[in-house]
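Below, chain A partners chain B and then partners chain C, in two separate complexes.
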Partner chain A sequence: MPKHVIVIGAGPAGLETSANLAKLGIAVTLVEKEESTGGHVKQWHALFPALLPGTEALDAIRKGMPENVRVQNKTTVTGIEAVNNYFTVSGHNGWQEKADAIVFATGFQLFDARRKEEYGYGIYENVITSADLEEMFATGKSLVNRHGNKPERIGFVHCVGSRDEKVNNLHCSKVCCITAVKQAIEVKQMLPEAEVFCFYMDLRMFGRHYEELYKEAQEKYNIQFIRGRLSESAEDQDGNIVLKVEDTLLGKPLRIKAGLLVLMVGMEPLAGTKSLADKLGLTKVPDGFIQPADEVLQSNFTELPGVFVAGACSGPKSVSDTLADARSAALAVAGFLKL
Partner chain B sequence: MEKKARQFGYTITRDRQIDYDANKHDISKIVAAAEPSLNLCISCGTCSATCSAALFTDFSLRHVILLLRRGETSGLAKEVAKCMLCGKCQLVCPRNVSTRNLIIQISKAVIPAQL
Partner chain C sequence: MKLEGKRLIWQEYQKEIADDHYFYARSCIRQTFFPGAEAVFVKILKEELGKDIHDEKHHTSCTGIGYHSDVVPFDTTMTVVARQFALMTEAGYENYAASCVTSFGLYTEILDTWHHFPETEAKIREFLFKATGREFNKPKNLAHASDIVYKFRHQIAGKAKYKLVDKDTGEPLKVVEHIGCHYSKMFPHKGIGGAEYPYVLSGMIEAWGGEVIDYPERRHCCGFGFRQYLVQANRGFSLSCSKKKFDSMEPYEPDMIITNCPGCPMFLDRWQYALSEMEGKTYGKGKNGIPVFTYEEVAGLIMGYDPWEIGLQVHQVPAEPLLEKIGIPYDPDRKFKGKNGEDLGMPESPSYLKFYADK
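This part shows the complex of A and B:
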């Protein structure tokens, strides 16, 4: 009997894990709640640091997907059970299959910026999120604010919904710092006359070529970085957003207007991941992200034999980190199945 | 000493370094024991940005915490007196620092006679 693995979630993590498992001769069912595969990257215009178009990245990941991967789309996994030495997974629509191993590739959800009410998302028209901006880039239209004007000044607020215990998210989402730098550059390319400001607590430019992109933002685009976290925003009569931050390096409160404010929303654990993990009896899900058996040595294993993790369901990851993690997960599964 | 120097046409410029080893660190230990969330501050400045007192004075809780941590405590009594204890800082702090109690504990530690 050929081994069968169920991969839950068909974003970059699920696609890459499935492709690699299939290449190792394993039959894979890739379960996806939406109609099409691709996850969040479907909505992402370009990926840092080299501005690779999201669609191009997905095409490359999907290309050459082996035939022994079957995509079970439009199916939300609702049941999951360990029975003797196999697993039974079922969906909301009655779909049910057995597998020798399962891989959580359930990813993340974007922070709902309305929860930071003092920042004005959903209240002031010219406060948008990084995901909204990415959609605006994807349409290819000229960049205007909700009043139809080209904004003269654009502000980016880092760490929205990340590193914030007031919204119960202590973790750093890793990708928002570099995404803000990327989007700030893209905005300047579209509106060379505009002034662009980034408001940050720490700039975490840890990845390969992140620091280079940061330097380019300063050198080539004159993007201004202010070390201070937004406390609140308000709207003036003209629809501009008035920000209150402390310029911590000068040690003075600062007021500044922007025609468009972009909130860098972070990654949160997907709500459904925790309930599925609970059904299986995974106990190490401290903050909604699944904790691997060992974060250094066994990053794709969980505490339960036969249950694996790939991608951002175990913590925020960039697309490149996710793809590497997915390949590693495939090898971990193959090792478990003694192939 | 300064007077004499002036008589000879000189001025004395004081060393402005933080002398961490010479500074006394007992006050920060007392405050941290009374309000352990002191240690959680990441100097983001959200407290100072939202602070009502900071609009009109140079009061900054972020700055006060740093002075405390470095043992630069001589001016702290004057600093914390600028706070009105309105508590807005506590509403916005991303690390859940108990800012109002922190100010009260700093006041207790630096001006024991008044409290």
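This part shows the complex of A and C:
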């Protein structure tokens, strides 16, 4: 009998883990709640730093998926049970299978920007999120605000829902800084006359070529980076967003009108991940992200033998980090199954 | 502006407000600034709504202004507030209704402090007992008086003679609502509508027929800010704050401003005079400025109370143009008559901001 592994979640982490497990001769059931695979990347127009289109990235990940990966789509996992030396996983629609190991690849959910009430998302029409902007790019819509005007000034607010005790999210979402740089450049390419401002508290350009892109944003595209968090936004009679922010390097408060305000929403643990982890008896889920058995040495293992993590369900990751983590998870599973 | 977005937030920030039997603590400054406001509140609750309200004569200041100005230590403030609670307990009440927004914020802060630090509450109980021999129960329900008017806003609308509507055009009046900073900015869940988009006054304005204006400096301080005003050298900040708000709301052509705090109507009203003398500019249509009211005064007006009985003659910005717009009758000759008809004397006319209707 070939070994059988159930991978929960068919975003980049689940797809890559499944493909690599299958190449090692393991039968895989990849469970996905939506109709199609791909996760958040499906809605992402281009990935930093080289502006690789999201669809191209997904096509490459899906290409050559071995036959011994069976996708169980439109199935939300509602139950997991450890029985002797195997696991029983069941879905909302009555689907149920047994497996020798489980991989959590449940990913993340985007922070609901309405929780930062003072920024006005859901209230002021020209306040949008980074995900909304990406969708505008992806669908080829011209960059106009909700009043049909080309914005003369556009603001990007970093760390929306990240590193923010007020919304109970202490973690850094890692990808938003470079995404803001990428999106700011894309906006400048579409609207060269527009002024673009990024309001940040730190710029965490930790990845390869990130720093170069940040430099290019300043030198080539004249994007203004202002160190300061937005305190509030409001709407004027023309639908412009009036921003209040402090430039902490100059030590001066600023009031700026923008035709469009983009909130860089961070990653939060998926609401369902914690309840599934609870069902299994995983205790290391401090903030909703699953904590690995050891963050340095056993980053894909959990405290329960046979239960593994891949991708952003254990903390925010970029797509490239997610793919590397997924390959690593596949090897960890193979080692556990003594293949 | 997507109103449905605000409505979602308003649903999240609702709170329990007692239905009856209130222990009422007045503000230290409101009876000087807007002398009819608290009397109107008591009258509406007792006579119009048939509620039981205990108007306590022996309570003191809560020390809020001194506390926020760093001249009264927190232990002292808590002990003074404990005495207010003792008076409530002795009077046989459990529902505390604060007239002042700063008092309400301070009571909320103290109850929250005691919740998290029971040893502090025990210490304050000991201080109070040693000083006065009094003991107390904590309020079962704490509300700001505007919460209570909000709760009964529809009943008030049902009994009202007038609406916040232009009698000639039938259009709703454009109303600026200004919320005192200490109402919900410190404890958003203790205020109706939260901190960013408070609903307590907007709900009244909607129920009474007006239209709320959301202008860019809506959240900004009125200009009181305690030390901005209390320290004389800082008064330029106070005036600047008010000016910033007037400049921001002016393009929306507001008919009136409604507030729920002791200081806000004072500063938004009187600084219009100061700004007119300094810059020769008056806000609003004509030369009469934008009239500023407390929510109790507005409730009294729509109920048909005589404008001079509820103290509108002490406003710097005259109320008459608004009264005429709504169709509320008034006797101009009685404006500066005292309660028994005595002549209070005509104030000196400012250079620009007319204190009578400029026709």
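List of remarks:
In the analysis below, the second predicted complex is superposed on the first by the 339 of 339 C-alpha atoms of A that agree within 3 Å, B and C clash if a C-alpha of one lies under 4 Å from a C-alpha of the other, contacts with A are read in each partner's own complex, and residues count from 1 in each chain.
By our rule, a residue touches a chain if its C-beta (ideal position, glycine included) is under 8 Å from a C-beta of that chain, and two chains touch if they have at least 3 such contacts.
Only a predicted model underlies this, so the values are computations on that prediction, with no experimental measurement involved.
Once chain A of one complex is fitted onto chain A of the other, the partner contacts of A:R114 are limited to chain C, with no touch recorded for chain B. By the touch criterion defined above, A:Q96 reaches neither chain B nor chain C. By the touch criterion defined above, A:N73 lies against neither chain B nor chain C after alignment on the C-alpha atoms of chain A.
By the document's definition of touching, of the two partners only chain C reaches A:E125; chain B does not. More residues of chain A are in touch with B than with the other of chain B and chain C.
Of the two partner chains placed around the shared chain by superposition, chain B and chain C are both touched by A:E232.
Of the two partner chains placed by the overlay, neither chain B nor chain C lies in contact with A:S275.
By the document's definition of touching, neither partner reaches A:Q189: not chain B, not chain C.
Shared interface residues of chain A, touching chain B in one complex and chain C in the other, are 118, 232. Listing the residues of chain B that touch chain A in their complex gives 42-51, 54-55, 58, 60, 62-63, 91-96. On chain C, the positions that touch chain A within their shared complex are 1-2, 5-6, 8-9, 194-197, 214-219, 251-252.
Note for the complex: chain A touches chain C at residues 114, 117-118, 122-125, 232, 234-237, 242. Put simply, chain A touches chain B in their complex at residues 118, 159, 163-166, 201-202, 227-232, 244-248, 251, 253-254.
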